[in-house]
Every structure is written in C-alpha cells, then in structure tokens.
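Which chain is which? They are A, B and C, in the order written, and residues in each are numbered from 1.
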Amino acid sequence: MNIAGIGIVSARGRGVAALEHALEQGWVPPVEVEARGVACGKVSVYPVTADTLGDKVVLAKARRADRFIRMSVLAAADAVQDSGIGASLDKTRMGIILATALGPHVTTFSFLDGILDFGDAAVSPTAFSHSVHNAAASYIAMTLEVRGPTLTVTHFDFAFHQAVLLAQTWLNDGRCDSVLVGAVDELGAVMQSVCGQMLKPAADGRIKPFAFSTTPESVPGEGAAFFLMTRDTAGVGYGLLEVIEDLPVPSSGGSLQILDACGMARDESAYLAAVMPGISVAAYAPLFGSLLIGSALNAAAAALMMKKQKIYVSPVQENPHGLMICQETKPAPLRDVYCTRLDCVGRRLTLHLGSASLLE
Amino acid sequence: MHDQNKEQQLIEIRAKLKELLVSNLNIEGVTPSQIKDDDALFGEGLGLDSLDAVEIVVILQRHFSVEVKDMEKGREIFRSVNTLANYIYETKHGQG
Amino acid sequence: MAAQKILITGMGVVSAAGMTIPETLTGFAAGIRNLGQTSVSLSPLNLPVFEVVSPLRGSTRASSRTLQLAFHALDEALSNAGLSYDLSGLRVGVCMGTTVASQLNDMDFYTAYRKSGKAPLAPVETFLKSNLATAISREVKARGPCITVVNACSSSADALGVALGWLRNGFCDVAIAGGADELSRIPVCGFSSLSVFSPEPCRPYDRDRQGLNLGEAAGILILEPESIARRRGVNSTMFVGGYGAACDAHHLTAPRPDGSGLETAIRISLIEAGVQSAEISFVNAHGTATRDNDKVEGTVLARLFGEGIKVISTKGFTGHTLGAAGAIEAVFTALALREGWIPASPGFENKDDEIPIGAVREKSGLTGRYALSTSLAFGGNNAAVVIGRTE
C-alpha cells in the first residue's frame, strides 16, 4: 500500500510541518496538570492544545463535536490535503478506518454525569450519540463527503496495526481505491487519574524508550494520525506501508528501526529481544507522550523521514543497553523503516515502511 | 395586571431559552440576542436538526421542568423561541 | 473477486429468542416473544427489553456479561464446526462487533471517581481484560489477526466483512466472527433520550410502530475457505457470499432520506456474491421499528427487490441487540435458508402507506438459495451481507 498523505495532531501541534518541527526541536517538557487520586496531586502530560483544534473552516460541520472528534477530523482532513490528490479521488470509492484504544471516554463520562445529575429520563441525546466510538469516523465522512465503507475498530495494543491490515484487504479486494486509515486517543481527567495511579510517572518528564524496564516510565499523551492509503504510488512519496509479524534480517545500509516503547505497557523488557541487529534505532514517543495508539504517530514520523530521506535524532538518548541510537539529525538514504510494537505479553507487530522507488 | 405579569414571565423565559440554545446546542457565530423570537429554529432558520430537537426536549426538562411526551405532536411547539416559551408558560400554568 | 467460497462451518447464537439454535428455531416457529420490563437495577425507566434470563455457559471464565454471552455462543459455534478450544494449530482470526463492551462505562466506577476524586483501578483492570476480540482470541489461543469492531449498530455485520477480507487475502485460515452486547443502562437511557424507544413490544415495519426495544445477545460464525474446511474434513452447505458497506455522510443519528448509502451497500454485496436481486429469496431487514429506519430501509428494499420481496425483522424476537444484531441476524438468515422457512415477522400487522413493502405476516416457506441481511447504524454506516446455500 502506498502512503499518499499524512495528517497528525499531537501536543506538538497539527500537520506535517508541526511534526517536522517537533522532530527538529526534540524533547520539550510536558505540562503539569492536576490529577485526583495521585499521591502528589499532579501528573505530567502532553495534551493537545485548544488552539490546535481551533480550525473553524474544516470543522464547519462539527459544532457539536468533542475533542476526540476534532482531533480525528483534522488529522484525516489534513492527510487528504497533504496528498495533493484529494480532488482527483472518487469519494464513493474511499473508505475510512479509525482505530482507537480507549474511544471517546470523555464524552462517555459526561453522559454518565447526565445520568447521575439529572436521572435516567433527562440525559443528553447529543452526549449519547457522541459517546459511541464511531461518531468520529462519521464526522470524517460528513466533513470529507466520503461515501465508501466506514469502520471504527478497537484493540488495546495493536488497534492501528489491525486497521492497516484491514485497509490492505479493502485495497486488495477492490472494495476501495483509497482508504483513510488512522488512530486516535484522547486524555481526559479520569484517564489522567487512572494513568497517574497505574503507570510510573517519568520524574524528569522524559519517556525512556530504550530502558526496556519492567517498570517503564510514562508521560501520558493524546493525539491522532491519519494516512491516506492508495494502491498506486500517488501522492508525495512517503513510501509503502505494510504490517509484518517477523522482522527480517535488515540490509545494513538504509534501514532504521523505531521502537514504539512509550511507558504504556506494564513491562517493556521484551523490547530488548526485538531490537534488529546492525541498524540504527530510534524512538519518538518522548515527543508526543505515552499513547496506546502511539504506533500511528511513530509511523507518521517514519513516513516523513522516508520522504525527506533524513533521520532525526532520537529525542531521549539514555542508552543502558548499548544500542545504536540515532544521535544526530542528518540526511540519510532510507529504504526501510521498521516500527515495532510489543504488547504486555511480548506479542509483536511491526509497521514496515518501504521506499516505493526501490520496490517497484 | 395578570397579562403584564404573563408578558414579563414570557420575556424572561425567552431570554433564558436563547442562552440555553446557544450554549447547549453549540450554535456557533450567533449570540443569544441575535436570535429573534419568531426565527424558525429548524431548516432554513437557525439550521437546527432532529438531534437538536431531542436535545431541546432535555433542555426543557432540566431547566424548566417541562416534559414533551410526543415529539410528533411537539412539532408546532418547536417552531420558534416564541412557541417554545408559550408552551413552557402554559404548561407551568396548567393551560398546556 | 476470489473464487473460493467462504463457508459457514459453525454457528452459535444466544438471545431472548433462545439459548441455542434449536431452541431459537422452536421459538421462531411458535412466534414466541420473550419480552420483559427493565429491572430497576438496570434503569428506573420502565421500558420493555429483551433480556437473556437463563444462565449462560462459561460464565465463570468471562470478565463481563457481554463476554459471557459471547462465550456461550462460541461454545455452540465451535462445537458445530468440530473445533476445540485450542486452535493454536490453525491460523485463526477473531473479529467481533460490540458497542457496550468497548467503553469504560461502569456506573459504580464512575460514581466512586466522582465521590472520592480517585478512579478505582479494579474496574479499569477488568475493562482492559474485556476487549471482546482479544478475550476470545486468548481463550482459543488464536494466532491470527484480531480486532473488535465498534461501528454501532452495524458492528457485527461489519465484523463478518472484516473476516471475509482476512480469509480472501490469506491472513488467516479460519475466522471467528460475530458480535455480542449486554443490556446496559447507558443505551437504555441514550435511546430513550433520542425518543426512539417504544413503550410497547416493538412492531417493525408496522404502520403504528413506536420505536425500538433493546435486547442482549451474542452471535458467532465460524468462517473458512472451502479448501481449509475440506482439509479439516468438514463440510457445510452454508456460505457468506458477499458483503457491502457504504457511508451516508449525512448525519450522526438520522439515515440519509434517499437511502442511497444502504442501496450502495446492498448492490456491492450482491455483486460480490455474484447474484441478481431476483435470486434473493428474502431479506432479514435491520427493521428496528423506528419511524425513520423502517421507512428508508423499506423504500430501498422495494426499489431493489420489488414490492413482492419477503421481508422479516427478527428484532421483534430479540429486540435491537446493537453490536450483536448483524451477527445474530446473519445466523438467523442462514438458518432460514437451511431450514427452508422464515417465521412471521413479530409485531407486524398493518402495512404503512409510507413504505412500499410490509413484513411477512405468517410463517413462509423458502425455495431460493440466497438471502440478504441488512444493517444500518448510527454514524450513517450501512452494511449488507449475502448468505448462500450451495444445494
């Protein structure tokens, strides 16, 4: 599958330019917010700012939309815009697959507030209809006038990988000519309280992806990343994308591995065995925060690197296992990027980005 | 005297309604004072839709303790701020 | 499209209409509607719902009621398919649809959070173990792709479509596909607030319908290509012929009035199955009994299949089971084709002048080899599944 365009919304802003800026700039300190139930009463997070979601033009049909929906719509619309081929695409042959781990829980809790505050007979139908997982995909379809299949899927570990796999079947089977596939998760007050208690906070605000710790440190984040996928190599040259289970023996030149370790798993020690020998390794979770769908954000970074033929410095360099971590931002011929994610029992899936020009 | 009192109450209900509509229905680019009493709420007017209609039912319940049992029959009530205010007033005063 | 047929080698279903397939068929033939009122513990709203009241098998190994329902149906499906609970020798994909089970919407959890300001972690741990597809995948030691579809009311029809895609692309040998949803206070309150809840037993397609009843259920289909089934030494006359899906891109809660999204979904499913509309012997309609759904859906069905098409909505037997609806209705559709009859559509008496078709009033024999099951969802998604019988 060809990546024709990407759209991304994170604490570092919106769009490919913001992504590039974040990769250039490196780590920045997270924001401290109040978190109830956590010993110190605070948790460090990477929230998406209100400014980032303030686009009244793209969101013209979304007056009722919550933050989860806004992040989704903006990332999806940007992916189409970024491809430069939006106008030529047949919207009746375009599909949407939105992956999420936790769904629009802020609106779900707001609906529960309605039940508790006003009783079962006086709850908000708007809150209810926006609390279903697929509301965001529906808004994307309405905003972009997409009339093909629209699907929302959920999985705690590999939601985005499964969505990509599915997009592959839609294109292979001729169900669609293009598919907007993406992932989104949001951070709300309840989840901040949960994360604050369940995860070990990174005291210095830095996620340490190469620690491979049995008690990894986290800085919860939120965001969305969408990819416009096509069969043909249309668009702007981000390369090809596929999901693989087994990691190949990499060619020594032009390969990079990105580890999706971000502190959201209870135990990241199994990552050590997943490191590919002989090639550079990087991890960009310290830029965006810890997210169950963080693989999508790392894949967006990988796509940009593929297009720019440039490797960005890995933002946190702590290296207790002596890995070949990317130490500087520099031009580099890139043919393959492997973004590897592990779940808590060590199951592994990898998003493989390959250079389109070399594979053809 | 009674009529003056009624008119005063209706003015207050209409003002409160406009505030609630703008905030609870997330109507953008419109301030409460810009909504005219007789503006059509649905279709060409304010552009509200079927989901807003059921949301207005909840607004009436929560903020005016007024119930709308039958949405089909409620169509006329939902025409404008005026008709909504009249319905609220009459229901509260036992004429509804 | 791939020439190889995707066989249905096992089916399992549990709903208010029956705890097993045989029990469901008996109930269908007799026209029994097991409708009760919402219990106060579920919601003080006194509304009719279709609850599964008999005990569920496998209730001890499941962390949620939705999962219990799913395991109960899985038992029957695996047994029918001649499969054990250890499927590690095959490459098995699991795709399940749900709505309620996807959300951390535990009332006690949230009430505790509001009171103490501290989110209690035990319900979160349970929630993290209860992803429907993951839990089933773990239970049967599946090694293939695994995803939970959360597409509101078309979730499990779409789950069948996902499984078809996996099998056709060789991503797995066997797919466990279906859906499950439990009765929950959240949708009871939610649908009530949308003014689409019927105060009486629902009457799909009837002139005097007043809306839907909610229900709980699970439906599971074991799908595999002919070649794999043959290698395992099993056969089946039933197969999934095609799947179509299309989005309205119109409104979050209202269907597109012209029904063009549903029409596209149906047309694609027919093309995939390689059948003409005249070959469809009946349609198991989404038929929620809301004013909008039945009007739009009935108009589209009449347009595509003619006014004489036999239509049933089994929601009169099960209520609207949300994330389970598409799967249990696919099972019912397959059973009808296999058994050669459809029951009377419960609750339908008087034809609505605004809808060109009505539902079947009495138990009717079938002769054809193909049938269609349709699903319409919140968010404007439409899905259609063609079920076929080989002989």
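Methods note: contacts are C-beta pairs under 8 Å (C-beta built on N, C-alpha and C of every residue); 3 or more make two chains touch, one makes a residue touch a chain.
Predicted, not measured: the structure shown is a model, and the values here were computed from it.
Counting C-beta pairs in contact across A-C and across A-B shows that the higher total falls to A-C. Distance from the centre of subunit A peaks at B, each centre being the average of the chain's Cα atoms.
One simple way to say how far apart two chains are is to compare their mean CA positions; for subunit B and subunit C this gives 39 Å. Distance between chain centres (mean CA atoms), subunit A to subunit C: 30 Å. In whole angstrom, the spacing between the mean C-alpha positions of subunit A and subunit B is 43. Multi-chain contact residues of subunit B (touching two or more other chains): 51, 54, 58.
Shared contact sites, meaning residues of subunit A that touch two or more other chains, fall at 64, 121-125, 129.
In subunit C, the positions touching at least two other chains are 193-195, 251-253. Within the complex formed with subunit B, the subunit C residues making contact are 193-195, 251-254.
The touching residues of subunit B, counted against subunit A in their complex, run 25-28, 51-52, 54-55, 58, 61-62.
Every residue of subunit C that touches subunit A in the complex is listed here, in rising order: 1, 43-45, 99, 102-105, 107, 110-111, 113-114, 116-119, 121, 124, 128, 131, 133-134, 145-152, 158, 161-162, 165-166, 168-169, 171, 185-195, 245-253, 261, 264, 268, 377-381.
Within the complex formed with subunit B, the residues of subunit A that make contact are 56, 63-64, 118, 121-126, 129.
Touching subunit C in their complex are the following residues of subunit A: 36-37, 64, 92, 96, 100, 102-103, 105, 108-109, 111-116, 119-125, 128-135, 137-139, 141-142, 144-159, 162-163, 165-166, 168-170, 172-175, 190, 193-194, 197-198.
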